[in-house]
Amino acid sequence: MKQQPGLTLIAKTVTRISVWLIVLYGFYIIFHGHLTPGGGFAGGVVIALAFLNVMLAYGHETVTRWLNISFMHDLEPSAGALFLTMGILGIALGGGFLANVVHRGTLFNVFSSGNILVLNIIIGVKVAMGLFVVVWSLAIFRFFEGGDK
Amino acid sequence: MVSNLTLIVAIPLIIGLVNLCLPRVLQKLLTIAGLAYLLYLVYLIYKGGGEAAHLYGSVIFAVDKLSLFVLIFIQVLSFIILIFALKSIVPSDERFFFPLFSFTVSFCNGAVITTNSIIFLVFWGLSGVVLYLFGLIPRTDAASQSAKKTFVLVGGSDVFLILGLILVWFLNPKAGWGLWNTQIGLEGELAYIAFFSILIPAFAKAGGFPLHTWVPEFAKDAPIESVALLPAALDKLLGIYLLARLMFNLFQVTLTMHLLVITLGALTVIFAVMMAMIQHNGRRLLGYHAVSQVGYMIMGVGTGNPIALLGGLFHMVNHTMYKAGLFLTLGSVEKKTGTAELDDIGGLGKQMPLTFIAAVVCAFAISGIPPLNGFYSKWLVYQGTLELIQSVGRGAQIWLLICLMLAVFGSALTLASFMKFLHSIYLGRRQEKWAGIKEASPNQYLATLGLALLCLIFGLWAQPLPLAKFITPILADFGLNPAAYLGSYQPIPVLLLFGVIFILGLLVFVAIKKVRYDAIYLGGMEALEKFRIAGTDFYNEIKDMKPLRWFYRNAERKHFDVYDLGGQGAGWFTKLFQAVHRGILSEYNLWIVLGTLVIIGVIYWLV
Amino acid sequence: MTLYLMCFALLLIGIYGIIVKRDLVKIIIASGIMGYASNLLLILFAYRKGGIYPILEKGKDMTGRVMVDPLPQALVLTSIVIELGITAMLIALAIRIFEKYKTFDITKIRRLKG
Amino acid sequence: MILPFFIIIPLLAAFLIALISGERDNWAIAVAVIAMLALLCLALFGFVTIGAQTQVYQMGAWKIPYTICLVLDALSAFMLVIISGIGLTALMFSVFYIRHLSTSWKYYALFMLLITGMNGVVATGDLFNLFVFMEIALFAAYALVSYGSRAEEFEASFKYAIMGSISSTLVLVGIAIVYSATSNLTMATIAQLLPQNPTVMYFAGGIFLAAFGLKSAMMPFHAWLPDAHSSAPAPISSMLSGVLIKTLGVYVLVRLFYNVLGAPPLFLKMFMIFGSISILVASFLAMGQWDFKRLLAYSSISQIGFILLGLGIGTRWAILGAIFHILNHAIFKALLFYNAGTVEMVLGTRDLRQMGNLTKILPYTTATSMCGTLAVAGMPPFNGFFSKLIIIIAAVHAGHPIYASIAVAGSFLTLVYFMKVQRYGFHGKKVIEREGVKIGWGMRTAMIILAVLTLATSLLILPGIRTAVLDPVVAVIMNKTGYITQVLGGNL
């Protein structure tokens, strides 16, 4: 029997089910960053870990085939650029870099923090994509034959 | 109205800058016109047109008698050497030679006439930089090596000058940054550090022992016009100028320091002339003599009494003339033959008579043959030293006498080695390959003959011309009384005496004119080229004499060279430190941790 | 006080690691440990005895209560992110070094010396 | 209100480069050059307009204890001008240089990230924010050092990164200690509060001295520098040696020890001692090198020693000299690294023994290297002469003749080892005839610009120009209370 890349069938099956839950949890953390502990970074890491789970279970070749890596790669700087755009919007509308430009909302709601939610989402995307791409590129690394003389 | 003093610095500077982007013919024309104008300017300044130039409310350029004296001879010498250089430089080198030439004049002028230490530092350093750039012109390996050595010694000594002048300012803040007349008493460590810090660059620039080793190297490899310009002429003027300022203006020098400087002067004379005797390369020989003669100037200025000072300064000017002349005659010969190795040349006297005459006059002048200028100035130096001997204690007397004897002996050796020099180039048997050589071009022999003529004039009319007009007034500036040296020596009767002796000799020669010319008998063989006796063989014996052999052997291996000794010492440190940097990360981390611990520990201990 | 001492011990472990260990990966881990120690120090400085967590909630009574200082936690989060980046960088470098030198021993990776 | 743009522009440029660049690097170059030009204009504008005032920018429209503030005063503006000036020439140089390594947008993105980090460090008024920007700059530096993908470069980068992370840990510990005593991270507030607690001040100061001393390659903490600076691509070497060690190291030391801690004599003494050690030992080490860039790297340590010595003396003139030397060293060391890079690109070697007689094939490089050499060796009329002169004058005037002698000796040794460079590297015996070697116009222009600047900046010493340019910077450094009141404004 030909050796499949990745882990056993059990691991693959469990991953297939659980990865969506993990992603959902990541989104939860991102969206409640201003109310509970967590936020863009933590949620982004969780989402990245979901992708990494898939990569561990199915092997990185499969992931490379499934996912559009270069798109994820581009998402990261565009998230950074968006963050800066929000900051510049703050200068333009609110009187300072990153000043609040979105309506504040009511306390204890999800929409209760103006800018912060938007920024959290941007950060989440950036962290998720960045972390995933970092680990992915470490995983696909192959040695060239022979050392450097 | 711009001051003449500003102009005399600015004009050559501007000419040099413009020259950088001009074609060659215009370069020459512009340079010669500019330097001719400088001669006129310096005449104006001598006539009293040298009002001080100001910048930011303080005087920056001014002249007193000493700087005026040096200034005049910078213009004269550089003008004559420029005439020589007009048609002698290799065309590919002209591009940078003429701009550098005008820069050199500008910087030397600036250094001499400024009263401000900082500006003096700038010009002094710049004159070192142009020296280095001149040395790089030939683009050979040897030239880059000697240029490096030159700049390490000359440019490196500048940093000591910085320290010295700053300490002078610190010790006597009342004088501000004034370079003239601070008159610091020589007591306390700082004063001594300052004194030596200024002595070092003066010696390095002028080529005094033990910082002289760059001169022969530079003389061997650089373009010979630049050798005649800087190490032979302008650097001597600058170095001795600084030494005179140091001994008379900046400090009130004690007897011990006088003795030290005199000793160094005497050592310079004797060491350099000993080395000069055994040289096979004409340029190196002249280079060592350029060092040896500095010894007399250092003795003269270092002795500190009026006569010796007169002698030292006069010798400085004389030396620039005859040494520039000698280098230029050698240059004329070298342009024709393509070599400066004395072994290869010979018998050119008949083909290049004018150059030969100039060389003979200059060589006699440097050797101190009486009616010429070199004798007069050396005589004054000896006289001044003797006067000092009369006024000091017994131990110092003996010491000074030894120094004096060394100097006199050095003078004799100079004559000896110039006999060799003249013989090797102009006399003796000519090699066949030099048969087609003609006299040098007019600009070259005009320049060399002009220098020779100056030597003669300054010898014959030393008293009325240079001494009375330029040098004696300096004494009054330094607060010294013009002393009773007059009447001790009259050049013109001496000349007559020599003339009489010469005519007598001629008569004798004519009277018993029985000379038989014969072929050399070599046991039937032809007189081959290889049996020609080169002038350099004259003193090969000396090299093998028992006590000197060790000395020469080590000197040729550069065991006495400050530059090489320093290099070895620094190499030892370098190896030590390099051995510690083994490239192992853990050790570097350990240093960081230990360094942090030391900082924290010191703070814990002190707070 | 004990906590501070243990934090200091963690720092010492890190220092020990970077000085003594010769394996690239262990050195990377040791430098990570040093980073954790400093993060822990920040958190410990922010700790107030008996303090509550600094999050506003519906119906939570904040009056008269000591709050744990929230700022260092934000700082630590930032510093963790930075350390993450640096560690990834270091690991990538370690892989490439192994590719070139065929060794993980830091004392053998010394072409640059003197 | 130009302050945040010093950070926004390069960061945005970095993201844009990553976003829009394809296989070829043309877009990346365009974006990077536009960003650097904009930064240079902004920095010059800021420096000209700031004078003796201070601009404070509070992020997010919050007030000071709750926000990160950016501070622009004469010192920051001065450093910003240096960063963007040298950065622009480095960019011009790398456009033509980096192609022989690889054509990739990653280089330009990392380069802009490096600029971001340095600008951030200089512009910020917040201690932790300073740490963050420092890490950004360092991260980019680690990556750029290993950009050429040779074994030595990875080795150098790894060592640099490990030692850098040690110092980052130290910085973090220092920040923790300071925060524990003042509960504040704004530097002006810390400056106000910290003197009440001298023990904390001294210990935190000691840790900061070690940490930022490592960044500025002070002598016992220097070991990363010769490796990293000699292995990096030439324009990066010039950025690291010319600018990075000064912004992350010297600038922060000045800001912390003068403006925040108020220049305690103990630390000034340490500056002087470490500076002197750096001057002497690094000079000897440089003398033994045959690798052109490694020699330059050791020379950087030695010149940093001069700057630290000037800062340690602490009088007005000494600080003026140190500040002037920061500018001068940035200019001539960047120039010399460009020379080294050009030679390496043409001949394929950095070994001085294999170079020689470059006057024919690389006339501009040879001529500009002469300017750089004379400037770094302290020869008039180049700028290095005047800054060293001022430092030595100040040392003597402050009553430290020993340190003045050390500076003089260091200056002499500098001359010696740079003469070695000229003699073997550019005028030696080896005859190299290589046809068809082309260096781009950008490289040549960058070198000529800097060579002209080595001469032109010596004009800064003239009294009229000095009062306009250098004196405000010195005034900022000397005036701790001024810094506090200017930054905190009404919040006192």
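Going in written order, the chains are labelled A, B, C and D, and every chain counts its residues from 1.
Operating definition for what follows: a residue touches a chain if its C-beta (ideal position, glycine included) is under 8 Å from a C-beta of that chain, and two chains touch if they have at least 3 such contacts.
These figures come from a predicted structure and were not determined experimentally.
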item	value
Selected pair, greater C-beta contact count between A-C and B-D	B-D
Most central chain, judged by mean C-alpha position against the global CA mean	D
Chain B and chain D: spacing of chain centres that average the CA atoms, whole Å	43
Distance from chain C to chain A - Cα centre to Cα centre, in angstrom	23
Chain C and chain D: spacing of chain centres that average the CA atoms, whole Å	28
For chain A paired with chain D, centre-to-centre distance based on mean C-alpha positions, whole Å	36
Residues of chain B whose C-beta touches two or more other chains	578, 581, 585, 589, 593
Contacts with 2+ other chains: residues of chain C	18, 27, 100-101, 109-112, 114
Where chain D touches two or more other chains at once, by residue number	150-151, 158-159, 162, 166, 226, 285, 288
Complex interface listing, chain D residues touching chain A	1, 4, 8, 11-12, 14-16, 18-19, 57-62, 150-151
Touching residues on chain B, where the partner in the complex is chain D	56, 118, 121-123, 125-126, 128-129, 136, 139-141, 143-145, 147-148, 151-152, 155-156, 158-160, 162-163, 166-167, 169-170, 190, 193, 570-571, 573-575, 577-578, 581, 585, 588-589, 591-596, 599-600, 602-604, 606-607
Chain C-touching residues of chain A, taken from the complex the two chains share	35-37, 41, 108, 131, 134-135, 137-138, 141, 143-144, 147-148
Interface residues, chain D side, partner chain C - complex	128, 131-132, 135, 139, 142-143, 146, 149-152, 154-159, 161-162, 165-166, 168-169, 172-173, 175-176, 179-180, 183, 185, 226-227, 230-231, 285, 288-289, 294
Chain C to chain A touching residues, read off their complex	55, 57-58, 77, 81, 84, 88, 91-92, 95, 98-102
